Amino acid sequence: MSGSSTKLPRRSIRAPTLACLLVTLCVTALLAGLSVGSAGIEPFWTLLTDPVAAQIIFEIRVPRTLGALLAGGLLGLAGALAQGLFRNPLADPFLLGSASGASAGVALVLVSFGLSPVATQWFIKLGLTGAAFLGAILAVFLTLSLARSVQHTLRLLLAGVIVGVVLGALTSLLSLTHPNILQSMQAFMLGSTAFVSGSACAIMGVVWLVCNASGIALSRVLDALALGEATALSLGLPLNQLRVVLIGILALATGTAVAQTGLIAFVGLAAPHLVRAIVRVRYAWLLPLASLMGALLLSLADLLARGLIAPQELSVGVLTAILGGGYLMWLMNHQGPTHD
Amino acid sequence: MTDSSATLKAVPIAFETRSLEIKRGQRSVIKGLNLKISTARWCAIVGPNGAGKSSLLLALAGVLPFQGEILLFNQPLKQYAAQQRARRVAWLAQSSVQSADDLTAYDVVMLGRIPYQSWLNGQSQADHAAVEHALKLTHAWDWRNRALGTLSGGEKQRVLLARLLAVEADVLLMDEPLANLDPPHQADWIQLVHGLVAQGKTVVSVLHDVTLALYADDVIVMSNGQVQYTGKRDDTSLHSNIENVFEQRIAIQPLGSGWVALPKLV
Amino acid sequence: MNTTVTFRRTFRYYAIYVSLILLAHGAITTRAQSFVTDDRGVTHHWATAPQRVITLLPSLTETVCALEQCARLVGTDRYSNWPALVTTLPTLGGGMDPNIEAIISLKPDVVFTAQSSRNAERLEALGLKVVALETKNHADAKRLLDKVAQTLGVAPEHAQQLWQNIDQGVTATARSLPASTQRLRVYIEVNQAPFGAGPSSFIGETLSRLGAQNILQARPEAFPRINPEFVVRVQPDLIMISERDLADMRKRPGWSNMKAIKENHICAFPTTEQDVLVRPGPRLAEAAQLMADCLKRFAS
């Protein structure tokens, strides 16, 4: 990216500084996550002597904390992508119907479970996570088809709303006519890191790397879009193809996160804003920074969810809203009239 | 295609349109338009609102689809690869359409180098040199690290102009480039354009201010999607045509070595 | 005779006569009319005992039928499925989303609903008489029987007898268990999130009456959402879960090594049995029996 030539203008050094800070905080959150559990807060190194406790740390707390970081990272990245693609500060990763698609996928699998032995076998293999992921991806695909082109952002947004509403209605219909799935649906919709496994972390890690790398590579498209679509086109950018690719990255990141941790709201929406409140950067920096901020936000919320009333757990989605929203409010108040 | 500007100067006509038609939805904003824009000259386009001036510029920039033909340096515009065309023709939007408040001036101007950047390489020395040159030409170098959202209207406009210049294109299309600029900076801009034309570049600008348009070498008068008249700035028929197109609400008078268009009070 | 004395005597006779009439009238009308104060504190009166009854919660449906007033039911919610004849009745949506039009068109005299559904005000605004009740523990279940009986004009002794049968059934079941049951530490899961049955819930109460221990501590919340790590840490001797949730439970990270899972000390209840367990109604004794059978299998 930027070289170290003295001819370069003195760029704001706050972006890399913020990155280092966020990484440090994330590592701290990871270590803290190993120490927070059903018995409240206990430094994890003291537990390593007891084999059962050690097993808990490695098999449960490590994947869970790491999962919160990775899922938050994916959601933060997706949120920044969504806000850049649609040039709308209120955009979030679930904009194109991915949330409703994931719910519908989960509901379908739960309902079909037991319909026929073949179906059951298939669905066991697919699992709820697979169903959620497929549902999210297919919903975005449906949105793209409905909008028929990515040319008009408004049309795309409307298609996303329609798909979201229709799939949401389908999910409700399935839940009401098969009340035995209601409990499992609720568990999924509330969102939690409770059962994130090691393999889930591996999947999320790979997806995180892929999405970040490709997002950063395409970030100048998002910057150019800030000058308007016509300007971006006049600069020779194949806007339609690039938008499809970016939406693909968005769907992949969102679908992966939702499949593992359910629907956790607000992380994708708040993370880019939190970053922008601290530094003003172009998308090549905003994407990874929003990702780190999302990771931090979700892992902090998860720590509180686990630790506040241990061994009971709070809903992590509620805590992300309180944390993210509260911090945003504080920032807004402190910036006040000095903000342009 | 890697023709140098010198070779291109040999092509006398930068843009030629034949039976150009541009549709916005069902409506034709431009129909049966034939015009020629000469290389290495400054051409201003004037006309009342809704005449199709902005649409014409968008089509020349390769952004709007059109029927008919547009030739860029004697080659059909549609035959140019997007990146090729982007290096030849740079377009500046009317300043109302942008929301890049977070980007620094430097970053915004660097966006003008997109036609030269591939996905994997970063910003080259040539890119940085072009950006610096462009910012200095528009006297915006001093606040290159300030975010766009913190600049005044005029400062923002100069940054956007610098973005246009950074493309180092042979043809510059500008839609209302003087919005928000105060008279000293308008004068700066006119001098800048004269310098660019001297280098062999072609400048086409849509201007609502007829006085400023009459600083250009050529003027195209448009109304109702048609070209009403094309002429050099001193052409009196041009002046009467302009006055007609504005329904005689302006009067073009000589002033010093140039012309001034004054609103006529009835 | 003194007229004053006569007057006083006549007046006294009159007073007694009128009081007797009033008392008799009161007694008759008290017997014919019903009234009840529900768990919200709202009181409703009926001139005659309600004949057309709608229930919007399975445990309320079962209570009405247990009091042998099944014939008065004109409609239930979609989840009510016991006893079998209830399934022939029109279904009126769920507790959370009742089909208001259908309910009104059935012209019920009373609608029994759960307080937590929060649909009572809506229905009352349309002129219906709604009795909203809540059951969290055994005491609530007993009160449920009493209030439903009171509303329907069933003799209170009937409800009391019914409760006694249930209570005695639970006690008998508890007595039939070996002493080793008391050493069993049990985890009862009611939802996949996971939500467990705490000691203050009716399920937890049944478990403690049967003599076994709950791995969850007493807390005001009946069904707390717990950290799955807690279960692994505590290593319960026995897990009670629905059959449907069982497959996923084994796949939870860190759970496969749990003693209870490795040794398959799990009771997975099919849907019909799960329905009995999670409804705080007249089948509490049956629920206790189901749990006891489970405990017996694993009491060393």
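Here the chain labels run A, B and C in written order, and each chain numbers its own residues starting at 1.
Basically, contacts are C-beta pairs under 8 Å (C-beta built on N, C-alpha and C of every residue); 3 or more make two chains touch, one makes a residue touch a chain.
Because the structure is a prediction, the values reported are computed rather than measured.
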Central chain (by mean CA position): A
Chain at maximum distance from subunit C, centres defined as averaged CA atoms: B
Subunit A-subunit C separation of Cα centroids, rounded to whole Å: 42
Centroid spacing, where centroids are CA-atom means, of subunit A and subunit B in whole angstrom: 42
Chain centre separation in whole Å, for subunit C relative to subunit B (CA means): 79
Footprint of subunit A on subunit B - complex, ascending: 58, 61-63, 82-87, 89-93, 97-104, 106-108, 111-112, 114-115, 117, 119-120, 122-123, 125, 128, 132, 144-145, 147, 149-150, 160, 163, 167
Touching residues (chain side subunit A, partner subunit C) in the complex: 37-39, 52-53, 55-56, 59-61, 63-64, 124, 128, 176, 179-180, 183-184, 186-187, 190, 192, 194-198, 306, 310-315
Touching residues (chain side subunit A, partner subunit B) in the complex: 1-3, 5, 7-12, 87, 217-218, 220, 223-224, 226-228, 230-231, 233-238, 276, 280-282, 286, 340
Subunit C residues touching subunit A - in the complex, by the definition given at the top: 78-79, 94, 97, 190-194, 219, 221, 224-230, 232-233, 235, 244-245, 247-248, 251-254, 257, 271
